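Below are structures written as structure tokens.
Next come two complexes built around subunit A: one with subunit B, the other with subunit C.
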Partner chain A sequence: MDILTILLIILFTPLVASLVIILIGKERRKWAPAIALLGSIGILISTTGLFLESQEFSYQYSWEWLSFGENTFYLGFVFDNIGATMLAMVSIVSLCITVFSMGYMSDDPARGRYFAGLSFFMFSMLGIILSSNLIMIFLFWELVGFSSYLLIGHYFDKNEARQASQKAFIVNRIGDFGFLIGIILTYWQFGTTNLEAIAGAVGVDASLISHLIGGLLICGFIGKSAQFPLHVWLPDAMAGPTPVSALIHAATMVAAGIYLLIRIDCLLTLEVLTFIAYLGTFVAVYAGFCAFAQKDIKRILAYSTLSQLGYMAAILGLGYSGIALFHLITHAFFKALLFLGAGAVIHACHHEQSIDKMGGLFKKMPITATSFIIGTLALCGVYGLSGFYSKDAILIAALDSNFQLFLLLILGAFLTAGYMGRLIWTVFLGKANSENADHAHEVSPIMSGPLIVLTLFAVLVGLNHYWPFGLGGIVSLDLDHLHHLEHYKSMHKTVLIWGSAAWIVGLLGSLLFYGRGSKADRLQDKAPKLYAFLESRLWMDELYAFYVNKIQQRLADILSFLDEVLLRGFIIRGGAGLVGVLGVGLRILQVGRLNAYYLWFFVGLILLWLYAAS
Partner chain B sequence: MTIGINEFIIASSLLFLIGFMGVLLRRNTLIIYMSLELMLNAVNLALVAFSRFNQAMDGAIFVFFIMTVAAAEVAVGLAIIVMLFRKKQTVSVDELNQLKG
Partner chain C sequence: MHSQLLFSAIWLPFIIGVLFLILPQNKSTSSYRLLGITGGFWPFVVAWFLYSQYQSDGLGGYCFEFILPTGLESLGIYLHLGLNGISLPLFILSATVGAAAILYALDSKDARLNLYIGLLLIMLSGLMGTFASIDLFFFYFFHEFALIPTFVMVLIWGGLARRVIALEMTIYLTLGALLSLIGLIALYQQSGADSFTMIALKEALANQPLSETIQSNIFALLFFGLGILVSLFPFHSWAPKGYAAAPTGAAMLHAGVLKKFGLYGLLQIAIPLLPSGASQWSLWLCVLGLCNILIIGLVTLSQKDLKQMIGYSSVMHMGYAFIGLATFSILGAGGVLLLLVAHGLSVALLFLLSTSIYKRFASFDMTAMGGLGKIAPNLSVFYVLAIMASIGLPGFANFWGEFLIFTALAENESMRWVLYLAALGIIISAVYGLKSVGLIVFGNPPKHIQVFENQASNDMNFSEKTSALILILSLLLVGVFPKIFSDRANEALEPLYNSQTISSTASTAVSIFTSTSTEKSVHSDLDACEDSLALNEGLYHE
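Showing the complex of A and B:
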């Protein structure tokens, strides 16, 4: 088979799976998991086939989509090293999560809708990965947002989930608006939205790019990757089923923002990149602090995701898009693992999500606990695990380019270890703090299987030199560049000491501070004001609520007033009133007597005569 | 004494005024109709007088046309009045006011 056919198969397999699930009707509940599983396996097999077929990872194909006047828009596939790396990650992670979902959602009556949504999400995500131009990326970008909306709102009978799904959709819309304008400006500037053509044009004449285009394009990234100030939707999105949080809100969709930045790297000016670097670093630290004041296990992980996305953005802003991709891939595996682990814990504790009510789960759920702890260690960057390699590279690059950012990122790493330590000490050690946790037992093999697979990846995926099929070319390129820097040895040593100190201090500090399986949050007891400040998360939600209720609503009221008074009251009602008054006046003449009409006729005749005579 | 153009104009004006006031004041449809005819004939009289005065036949010819049209009008109008009477049992314009707004 040629590459185009395989690409089409990869893209449309999940869509077909999703449609079949929807169309089979009543039997949906029974067959949906199997169909979705077949779809995921199909993607994995055809992806492997594609890697065997295409040795060089350089394939472009596009066909005309719309043509009006002199403007022609194309749809097209690009299959290069970056896309291939993402494709491998997405197909493996989504297969694991589909299998996990079969166990996690086994008692959910709306399984059909869930698996259809999951398959549809995969279709959209693969579309982003394979798109060769900005317009097609935007199409799938919106589809991803839509499927995220569907899946966050899976438990739509809960008010919280309904509101979270709308919040996610609307907040993303704000970012996407800027993104869309950026795409239009790009087309205006370059006459094409094909990324390779744009890169070529920028290569010839670097003055073509501007702050405005770059600034608008990254709005899409800020919305989708939940960066400050549009980060508010991601913690709330945890109202969706846990496997969805793992797939969409940790491993793939939020990473799509980073993937977009890697793709449009050539369009970003130095100032925009610096802005991204500072923004990412700020989010990495900010989200780290926020995570300390959360009690919901999933929300802690959500803030952790925010913080890690901040790391990716920071390193990308410093110019190492390959290392950003590297951290994206390692993060996808260990964060999917952590979320699935959290899902297993929640499932075992009968949908209890507060960490205060867990505790002592290590003995009851050894497989889940072990894999969760390995995921945590990978996240903290413990030597030898996947997170170490990518975080190490990020920190070295930061140390090389900007010492302030380096210090902040070390602080972020310390915070990561701190809140993750708090999470595992509270959840897995000590004694059970509630009846639900006391009755917890190890999950079934269908759920622990994916955990084990993902644990393997979380341990091994950092060894990027051993990635099969020559994946991750851009990663090796940037890492090699890093290795050949002057003072690399001394910097590596510094980072090793600082980075290890960060996680050791973080984990041990949290153990000493929070204790094992604690019932109540010690920070809340000892420093309630600090805890309340962290819990407020800089009052961003309140700020938006204030803006919408007080400022935007006032503006809407004024506009509504103008509409009511000027348009409706004055012009429409006024016009009708004028005609009405005239009608009342004229109706007096209609007395209903022939003689009177005769007189009016005569009077009219005289008036006409006078008019004609004058 | 000779009868000149002035006398004819006065007579014709009087006739027209009588017809006009008849239409304006009377209630009976038939009377109104007769008043209308009176006005037409007042005009005819004036036309014939002017025709004679100017020694030209134009006015006299126009009178024939008016008489013809008036005859046709009477035929149609009387038929309408008869039908109205059959339907409403009245010919008073005071009671024929269904189209009043």
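Showing the complex of A and C:
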């Protein structure tokens, strides 16, 4: 088979799965999981086939989709090393999560809708990965937003889900507003939105890029990857089912923002990149602090995701897009593992999500607990696990480029270990703090299986030299660049010391401070004001709520009132002159029978006829 | 043969409609149903068949020409029908919405069902005629012909305040129609053409362009006249109330199709024939269009009544069409055309679904609803998709319309301020769209709603589903493959919109209000050079 066919199969397999689930009607409750699973397996197999078929990963194909005058818009595929790496990650993670969902959602009556949504999400995500131009990226960009909206709103009878799904979609639309304008300006600047062509043009004449276009394009990233100030939707998005949080709001969709930045790297000016670096670092630290004041296990992980996305943005802003991709891949595996682990815990505790009400789960669910702890260690960057390699590279590169950012990123690493330590000590050690936790027991193999697979990946995926098919080419490129830096050895040593200190102090400190399986949050007891401050998260949510309810809604109501009273009441209806006269005239015509209109119409017609005939 | 088919799409619904009015009113049998379906679906079948046969080599770009003397030859008036790349998509649009509306209406339980169906069929026949007319008199005539059943339906089924609302609608629409009629007659008079057809007018004006003042005056008449018909700000207030009062079928056909008459007139006649008149009014087009998007968008946000919300949202989306027309480019005009089709389908779908939702809650008040997802899952899915279509989710036709208009706006640097403001509309529409989904679909059903045990009896029945599917599949078809309309439209638009002088004068008119941007690209510099060249040429000619 040629590459185009395989690419089409990969893209459309999940769409077909989703449509089949929708169309089979009443039987969907029974068959949906199996169809979705077949879809995921299909993606994995065809991806592998694609890798075997195409060794050098350079393929482009486009269709003319729409043309008016001299303007033609294309849709098309690009399949290169970056895309291939993403494709491998997405197909493996999504298969694990689909399998896990079969267990997690087994007693949900609406699982037909769930699996259809999941498959549709896969379709949209793969679309982003395979797009060769910005317009097609935007199409699928909006579609992932839509599927995320559907899946966050899965438990639609809950008010929480209603709010969260709306918030996610609208906040993303705000980002897309800038992104869309950015794409349009790019089109007029370069005459195309094909990324390769743009990169070529920029290579010839670097003055073609501008702050305006770069700044607008990254709005898309800020929305989708939930960076400040559009980060507010991601923690709330945890209202969706946990496997959805794992797939969409940790491993793939939120990482699409980073993927976009890697793709449009050539369009970003130095100032824009620096802005991204500072923004990312800020988010890495800010989200780390926020996580300390959360009690919901999923929300803690959500802030952790924000913080890690901040790391990726920071390193990308410093000019190492390969390392950003590296961290994206390692993060996808261990964060998916952590979310699925959290899902297993929540499932075992009968949908209890507060960590204060858990405790002592290590003995009750050893597989889950072990894999969760390994995931945590990978996230903290413990030596030998996947997170170590990517975080290490980030820190070395930061140390080389910008010492302030390096210090802040070390602080972020310390915070990460702190809040993750708080989470695991509270959840897994000590005694059960609620009846639900007391009755918890290990999850079924269909759920623990994916956990084990993801654990393996979380441990091993950091060894990028062993990635098959030569995946991750730009990762190796950036790493080699690092290794050949002048003071690489000494920097590596510094980073090793500081990085290890961060996670050791963080994990041990949190154990000493919070204790094992504690019932109440110690920070809240000892320093209620500090806790309240962290819980407020810089009042961003309140700010938005104030804007939406007090400013936007009031403005809308006032305009509506003016529209009703002024326009309708006085100016238009009360206005004398032609309108009034017509009104009187028509009032006369209108009295009486309904078909008076017809009568007058035909009278007029006959008059015209007579005039013409004479 | 093909032109006879085209004609039959007009007379067949009319005759069947008249039959429904004549036949005994209070009977409803399956033969009535069959008759109604024949009348409703015949134009649909014809439209797609003609689409497949379409070749753009006819006279003046028109295909399937059909000429019938009507006794008005001394005035240069013939019943002259035909389709080109611009009218073909709208012809298909009206056939599609008509079929869905009539199928849906056949299912309603109204006591005077036959009267209702009859009026809808007559309206449909007028609509088909409007977009098939080359002759401007009949273009106008068919529009009025379709408008009158609307008033009648509002008067009969319009709810409590029907007289006031019908009166307001009548005043506005008659005024709009009157102004545009004066404009059309003036155009005919001034052009010196020997017949009332668009082709003849185009030829006459190409040989002998009108002076700028005359162009400007005639364009103003057409702009405001047709604008009122399309609910241009601030002449929009008839629309939300009127649609809220109108029975579903009438609202679908009017908001979905008949309203497009005005924009179609601007797109096909006013702007290509009066280029310099249009460019003098381009700032007005932009500003009033932006008012439609931003002010009415916010007004939509505060609506609690579902049908009024849809009505206002439809007013809002017309703003995109006005600013798209103000670009005077093929790209912008193409975007407007796609948006007209898309908006017609999606707003008709929303009106259809709003009635289905009303049947479940016995209310249009969104704050009194909730939990539709539990009561009627299929209906909920349709509603969510319809809202997504109307807020421009890719995959639905609306996206391409908005996208092309936005892109066309950015072509001239002097027009970009319009883009920055207009694109805010995508946020505003997402807010009100999702808010309505949140209120209607999410949550739990209110206590007083009677929910049957068997979910199937709460959910959509066959004809509800079919008519909604016709619309949603059409939206997807155009959304996924915009080429099916765009290629033909492009051929038809190219001769109308390729004049360089239009866009340059337009951009200078708008640029007065623009702060100059410091960043200039190579391309825009080139554009600017070309523009000033073209402008100089224009001045020279004058």
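Assume the second predicted complex is superposed on the first by the 562 of 614 C-alpha atoms of A that agree within 3 Å, B and C clash if a C-alpha of one lies under 4 Å from a C-alpha of the other, contacts with A are read in each partner's own complex, and residues count from 1 in each chain.
Everything below uses one rule, namely that a contact is a pair of C-beta atoms (placed from the backbone, for glycine too) under 8 Å apart; a residue touches a chain by one contact, two chains touch by 3 or more.
If you're wondering where the values come from, they're calculated on a predicted model, not measured in any experiment.
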* Asked: Which partner does A:545 contact after superposing on A: first (subunit B), second (subunit C), both, neither?
  -> neither
* Return the chain, subunit B or subunit C, that is in touch with more residues of subunit A. => C
* Asked: After lining up the shared chain so the two structures overlap, which partner does A:1 touch, if you call subunit B first and subunit C second: first, second, both or neither?
  -> neither
* Asked: Now for A:508: first (subunit B), second (subunit C), both, or neither, which partner does it touch?
  -> neither
* Asked: Touch check for A:185: first (subunit B), second (subunit C), both, or neither?
  -> second
* Structure fact -> The intersection of the subunit A residues contacting subunit B with those contacting subunit C is 587, 590, 594-595, 598
* **Residue ranges of subunit A in contact with subunit B within the complex** => 587, 590-595, 598-599, 602
* **In the complex, subunit C residues that touch subunit A** => 71-75, 77, 144-145, 148, 151-152, 155-156, 163, 166-168, 170-171, 174-175, 234-235, 237, 295-296, 298-303, 329-331, 333-335, 371, 373-374, 377, 384, 388, 393-395, 399-400, 403-404, 406-407, 410-411, 419-420, 423-424, 426-427, 430-431, 434-435, 437-438, 441-444, 482-483, 486-487, 489-490, 493-494, 497-498, 519, 521-524
* Structure fact -> Per the touch rule, the subunit A residues reaching subunit C in their complex are 65-69, 71, 113, 135, 138-140, 142-143, 146, 149-150, 153, 156-157, 159, 161-163, 165-166, 169-170, 173-174, 176-177, 180-181, 184-185, 187-191, 205, 208, 210-212, 552-553, 555-557, 559-560, 563, 567-568, 571-573, 578-579, 582-583, 586-587, 590, 594-595, 597-598, 601, 608-609, 611-613
* Touch list for subunit B against partner subunit A, complex -> 20, 23-25, 27, 32, 93-94, 96-97, 99-101
